[in-house]
Every structure is written in structure tokens, then in C-alpha cells.
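The structure under discussion is supplied below as C-alpha cells; questions concerning it will follow.
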Amino acid sequence: MSLNFKHCVTVAIILLLLWSVVVTNAKTIDVCKLCDHTTIRSGVEFASSGDTITIHQGVYKENELIINKPLTLIGKKESILDGEKKGNILLIDANYVNIMGLTFINVGSSYTEDFAAIKLRKTKYCRIENNFLDNVFFGIVLEKSRQALIKGNQIKSNAKDEFNSGNGIHLWYCQNITIDSNALYNLRDGIYLEFVDSSTITRNISKNNLRYGLHFMFSNYDVYSNNLFQNNGAGVAVMFSKHIQMFQNTFTKNWGVASYGLLLKEINDAEISHNVFEENTIGINVEGTNRINYFANDFKSNGWAVKIHGGCYLNNFKQNNFLYNTFDISYNGKMNDNTFDNNYWSNYTGYDLNKDQIGDVPFRPVKLFSYVVNKTPETIILLRSLFIDLINVSEKVSPIFTPDNLIDNQPLMNIYRDKN
Amino acid sequence: MLKILKYSFYDLVRSRWSLIYFAFYITLGFVLLFLNNDISKSVITLMNIIIVLTPLIATLLGIMYYYNSREFIELLLAHPMKRSAIFIGQYLGLSISLSISLILGLGIPFLIYGVLISTVIFDFLTLILVGTFLNFIFVALAYNIALSNENKIKGFGYAILLWLFLAVIYDGLLLTLLVVFDDYPLEKTALMGSVLNPIDLSRILILLKLDISALMGYTGAIFKNFFGNSMGMLMAFAILLVWVVLPVGRIVQIAKRKDF
Amino acid sequence: MIKIENIHKKFGKVEVLKGVDLHIGTPGIHAILGPNGSGKTTLIKSILGLVIPDKGSIKINGNNISHQWKYRKNIDYLPQIAQFPNNLKVSELLNLIKDLRNQNTRDQDLIKLFELTPFLNKKLGHLSGGTRQKVNIVLAFMCDSPLMILDEPTTGLDPLSTIHLKELLKTATKNGKTILITSHIMSFVEENADEIVFLMDGKIYFKGSTATLKKNTGMNNLEAAIAELLKENHA
């Protein structure tokens, strides 16, 4: 018993000692023009693990600055890191590094290397918060990192061509990353994920990017929600990925040739729900997808709400609202076992005699004219003309070109709204 | 001319036809809004009706009005009046009264249902403006036909044919042309073809409002230039104006030479 | 006053006027007669500018009327068919014409004379043929122009109104007006006309007083004289 007590005291004393060592050693280092450290580099070199470096107002010309110990860099007002267009600015090779409230400008560009304002390599538990990045090539790059939080950053550039511009937030072989409340403008891809699993992308705004607002490649078990994708080359591209959940995002004004709100290519087992697709040339472009549930999405005023190309199985569209799209569905290939039941279609002209809120006549969402336009795009100019209406009606009466069973057997009479 | 305009306008706004026309639009407006309970959806349905029906009614009423007032025109012609003043006065009187039926007939129900505070107010205004243009264009075309054909039956026949051609057959021919020759770059042909038909042109003006997302998906640079900026809109309206001015000019020319 | 020289008019293949020369210099009532299709109405309409001749000239008071319109200030015209816009009221029509002519008018007297007062607020479409013709006459006479052209003025008139019309014509002649009339009612012509212009096959066949016509044909009434003229022509 007494031995045990002795033990306990010893452990307690050791712990206390350790704690005092940590506390006394964790110091704050100031960097400014008149401080002991006038460059961040000298601050970083002087610091030891767990220290905080406060960077005061001023422009600091830094590049290829490597952080290889756990540090916290905090920017005061207008503390600017200028990369002078020479390569990377910050390279983080340690765990537990926090970068907060700094401004990064002028990252170098290259055709062969992904120069970034902040690059994390094989790190864990890093936090990149509330930074402002302008005129970057790549913004924040994570390579083989885990458990990082990237939050509240604003990243801008002036991308003109796809081949010499970079991505805002670029992840490669990462896991458990949270990307929250960032704003991304005028880049190549707003956010790019390649081999990224179990990550969350939420509340971001991705606008005016050349290629995609958000881009998944070979990434699985990710969730993105509550993001806004506007006026990008295409809103979001999800390719060669599995088990992605997409909900409550807004995809809007993605206009142009081959421009879409959402591009799905070779993906399986996804949930797409409560999203809004508004005024896109194509709302969702679907190619080779299996077991996808589309639920409670709003498709409003798109050119094509959903364009489905071949090779799709078990895609279920249920309780979505198709509102004033030029074409609701464009469909290529076999019907397979995809279903379109129980949606609301503003183009539906049927009736509901038994008042069960479900139309008594089935709805055919594919129009013959959409085939004509696919074959001869110029004919789009005849859209909504009486002649086209006539041939659409004749196709409706006796379908020749459209799949016979592409039907909503139970079209809703009113716009669908669930409890969310 | 203003005097003639004034009197034919008075005559027309009290005529059975104007009332029926007005009643038609106001019923249509209310029924559409009541059934859909959704202004956006009603605007789309309305577009189909305006594009097709307004020209038809304007043509038929134009022909009818001319033939009915044939003797009255003679009476007027014996008075110290310029010929063109009589015809232009009548033409304007008819076009304006039809347009007022349209504007009030659709305006009242949509105003009551709150079009002013809805997002489709500009779509609706475009629709009304296009409808008004179509009235002016097709009354002028009808007057051309009527002035060239003393025989009423023939006149009506030609008028209906003209409508049928511009509203349906023309698009059918254009579609066939585009599909058959689809290996050739035909975007210019498509655009020109549509611009040359006032019904198609009006339709495109409304497409620019309703379906811009789909139109922007087309590859051609000419389409993009036309649809992509306000130039397309302005140009379309300019061409509609030409569609009014040319037939009216011809009315004046025929009127100068015609025997009564 | 009116000088017509060599006017020709074709409607399609039908040649209606084949070189008409006509000079009307004196005031009074000049009746233009002729069988159906002889070109009476076309001739009248040419003077009014409603029909544009293919060839020839028409001068009124020395001015060529081709493509002119102001000269019609001095002409009153009574068309054959009284068709008006159906939805205008009588008073509105009168106002319209007054408005167009911008001249002093004596419509009030005429309305009283033809007892049109109760109809003033009625729409023209609701009037009977006879009443409409009365309105037509009021319109034609109210402006008091020096030259009058009346196309079948007696059509549809009741006897009392016909008497009023004759009186109006008498006063007009007395006031030195030139009046051109076409009519099928020979008794009316015989009673009122100072001069007969007989038109046949697009040409003027006879021009002169009723007395001369009767003398020439050896008939003692106008109707028979005209019939004789037609017979001669076909013989």
C-alpha cells in the first residue's frame, strides 16, 4: 500500500516537472522590422518545438521556408509573405503546425512543379486558418497528410489558361481532412482531391474558376455539403470515386459548352440530396455511374437538368423538383434499371382526380426534340416553336425514339419539400 | 392621319372583336395563373400562346377590318385627305387597339398575381413587348394582303396560309434543312433563317430570357455572340422593327396606286 | 370647271374607259347615264381620284388632279353604298367628317330636314338602310362645295326624303353649283337634269340636253329615248 503511494508521488512529481519544462520552454517570438527577428526565417530557426511566432505588420520576402517542428505562426494585421514569384513560400514538414491570419502573395509558377503558398508534406494535425492568399499558382497543397483542418482561408488568383494555372486547395493522398468555409476565386480548380479519403468539404464558396469548383479523382468516402459553386467551367466533377455524399450544395450559373453543375463519371454508391442546381447549361452530367440516389434536389432553369449517357445502372431519381428547365432529362442508351418515379415536373400537364397529390397520368421527361438537338445542335434555335411542340406531342403519343419505359409513373402534383 | 387613327380606334375599342379578344386574354391570364398558381410556369405557357395566336388573330382581324371598312375607306377617300393618311391611320388604330387588348388582358391578371414583385417581371415584359410587335407586324401583313386582293375569300385564304407558313411550315422546313445538311456548318443559316421570320424572331427574344442556359451550351461562336450579350437582344428588336416598317411602307406604296 | 381629256382605264383585261373626253363648263345638273358596266362609276371615281386612269388627264379649274388631294375640298360626294364603321355613332361620324374637312357646315339644318335627330346617338350599325342613306345625304350636302358628285342618290329613300333631296338639288343649282349625278330612275333625271351625258362601252355616246336627246331619237320621254339609243348602238 505504502509502495503504491510512493509510486504515485513519484509519477506526480515527474509529471509536474515535465509540465514545467513544457510551459517554460513554450515561448512567443515576435517578428517585425524592429524586433530581434526581422525575418520569419530567423524566427523559425530560433524557435523550438511548440513555440508561437507572432508576425507583425510588414512585408516579408520569403520563399522555400521550411518548418520542420511543431510551431504556431500567427499573423497580426497586414503581415504579408511575398514569394516574389520564386517557388513555394512555406513548406511544412512537421506535425502540429498552425498557420493563422497571414497573407501570402506572389507564388512562383512552373510547368513542372506545383509551387504553393503553403505546402504540407507528410504531416498530421496541422491547422491552416484564416489566411489570405492572392496571386498564387497553387494555394494550399497537402501531400500525404492526415487530420488537417483548412478553414476560413481566402484564395485568389488570375488564372487564364488551364495549362499554366494551379488549384486553390490541392490534396494528394490524404485522409481525414476538413476543408471548411474557404473562398476560392479565379483558379484552375477551386478544390482538387486525388486519392483523398474520409474527408469533409463544407461551407466553401468556389467561384469563377477555370475548370472545376471542386474536383474529385479516385477519392472515396468523402462528404461535401453546403458549398456554393458558381460560374465555374463546371461546378463539381466527381470522377472514379466511391461512396461520396453530396448534399445541400448550390450549383449555379455554370454556363458554356460542356459546362455543368455536376459531372459524375465512373462513380458508384453516391448520395446526392437536397442540392440546388440553378441556371446551368447542364445540371448534372452522368456517365457510367451505378447505385446513385438522387433525392430532393431542385433543378431550376437549367438548359438540361440531367443528361445521362450510357452505362448507368440503378440510378434512382426520387422526389426531386424539375422546374422550368429547357430539357428535363436527356437520355442515351438503354433504360437499364434506372428509375424516375415520384418527382415533381413543372412541365407536367396531367391531372389528379383522386386527389392523392400524385398525377393520374405518367410523365415522360424526355422530349424528342432533345434527341434532335443532340444530333444537330443548331436546331436549338427552333426550341419552343409550334412545329417542335407538334413533333414532341406526336412522340409523346407514340414513342419511337425515346425509351418506352423512361417514365415517371407517379409524378407529384406539387413541389416536393421535406422536413429539412 | 391622327384624326383617322382616333376614329378607327374609337370604332375598334367598342367593337365586339376587341372585347372578345380582351376577354380571351384576361380569361387566359386568370385561368393560367389559377391552374398553375405559379407565375414562372404561366409565363412559359403564355409564350407558346402569344407566339402562335397573336399573329393569327392580328392577321384575321386585320383582313376582316379592311374588308369591312372597304366602303368607309371609299367615303374617306372622296374627302380632302392624303391616301396614306387614311391607311396608316386605320392601320395604327387597329394595331393599337389589339395591343391594348393584349396588354390589359394579360397585364391585369398578372398584376393581381404579383408579377411586379416576382423574378419573372422582365420575362413578362419581353413577352408583352413581343406580342405588341407581332400585332403591328401581322396587321401590316394582313393589310398588304387585303390591299392586293379584292376578293375576300382569297384574301382570307392567303392570310391563313401566310400565318400557317410562318408559324409552322417555315420551322418544319428549317428543321429539315438543318437535319439533312447536318454535316455542314449551318449555324449562320440557322440564325439567319430564324431572324427572317418574325414569329421565330419573337420566339428567340423570349428564349433569350427563358432558356439562356441551354442556348449557351451551343458550340458555335456566332450563336454565342448573338445570344451572349445584349447586342443580340437589340438586334432582334431592330429586325422586328424592320418587319413593321417594310410592310407599312408597302401599304403606302400600294395605296398610292390602287383604284377604289 | 371639269375638263377630261382622253382618259383610259383597264381593270385587268376589261377596258372600262376607252378614251373619254368630257368638258363640263356650266353650272347645273349633269346626269351621267348609261347601261350597267358602261363606266359611269369609274368616270366619277376618276374625277374624285378614287380611280387612277391609265392614260389621259383630268383638270378641275385648270389644275391637273393626278395624285393630288387638296382639290377635293371643293367636291362633295355621295357614294352609292352607304357603309360606315358600325361602332361609330351618327354624331361621331358627322364630327369625323367635319373634323376632316375643317369647313363650315350646315349639318344641323339637314339633320332637322331629314328628321335624324333621334338617331344621332345610335350606332351606325344599328340603322336601317334608308336611315343610313339619309345620313349619307347629310354628309354629302353639309359642306356646300361648288362641285357635287352624287352616285345613285335616291337609293333606299322614302318619298318624303326624295322630295327633300330634289329641293336640295334645286337650291344648289340656284346657287350656281355644278352637280354630277348618276341614276337609274329616268323620271328623276328627266325632271332634274339640265344636261345628259350618255356613256356606253367606255365612250361618250351623247352629250346634250334632254330636249335634244328626245329630238334626236324621235321619242317623247327620256326612258324611251335612252332605250332607242341602246337599240341604235346594238343594230
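Read from first to last, the chains carry the letters A, B and C; within each, the first residue is number 1.
Here is the rule we go by: contacts are C-beta pairs under 8 Å (C-beta built on N, C-alpha and C of every residue); 3 or more make two chains touch, one makes a residue touch a chain.
Everything quoted here is computed from the prediction, not taken from an experiment.
**Student:** Name the graph shape formed by the protein chains and their touching pairs; answer line, ring, star, complete or other.
**Tutor:** If you draw each chain as a dot and join those that touch, you get an open line.
**Student:** Count the C-beta pairs in contact for A-B and for B-C, then report the pair with the higher count.
**Tutor:** A-B is joined by more C-beta pairs in contact.
**Student:** Report, in whole Å, the distance between the mean C-alpha point of chain A and the mean C-alpha point of chain C.
**Tutor:** 89
**Student:** What is the distance, in whole Å, between the centres of chain A and chain B, each centre taken as the mean of its C-alpha atoms?
**Tutor:** 48
**Student:** Measuring centre to centre with CA averages, how many angstrom lie between chain B and chain C?
**Tutor:** It comes to 42 Å between the two C-alpha centres.
**Student:** Quick check: what residues of chain C touch more than one other chain, meaning two or more?
**Tutor:** Correct list: empty.
**Student:** Which residues of chain A touch chain B in the complex?
**Tutor:** Chain A reaches chain B through residues 255-259, 279-282, 301-304, 323-324, 326-327, 346, 372, 375-390.
**Student:** Can you list the residues on chain C that touch chain B in the complex?
**Tutor:** Within the complex, chain C touches chain B at residues 9, 11, 45, 48-52, 67, 69-73, 75, 77, 79, 81-88, 92, 96-97, 99-101, 139, 149.
**Student:** Across the complex, what residues on chain B touch chain A?
**Tutor:** Residues 38, 40-41, 44, 47-48, 51-52, 167-169, 171-172, 174-175, 178-179, 182, 186-187, 189-191, 193-194, 199-200, 203-204, 206-207, 210-220, 223.
**Student:** Touching residues of chain B toward chain C in the complex: what are they?
**Tutor:** 3, 7-8, 10-12, 14-15, 68-72, 74-83, 256-260
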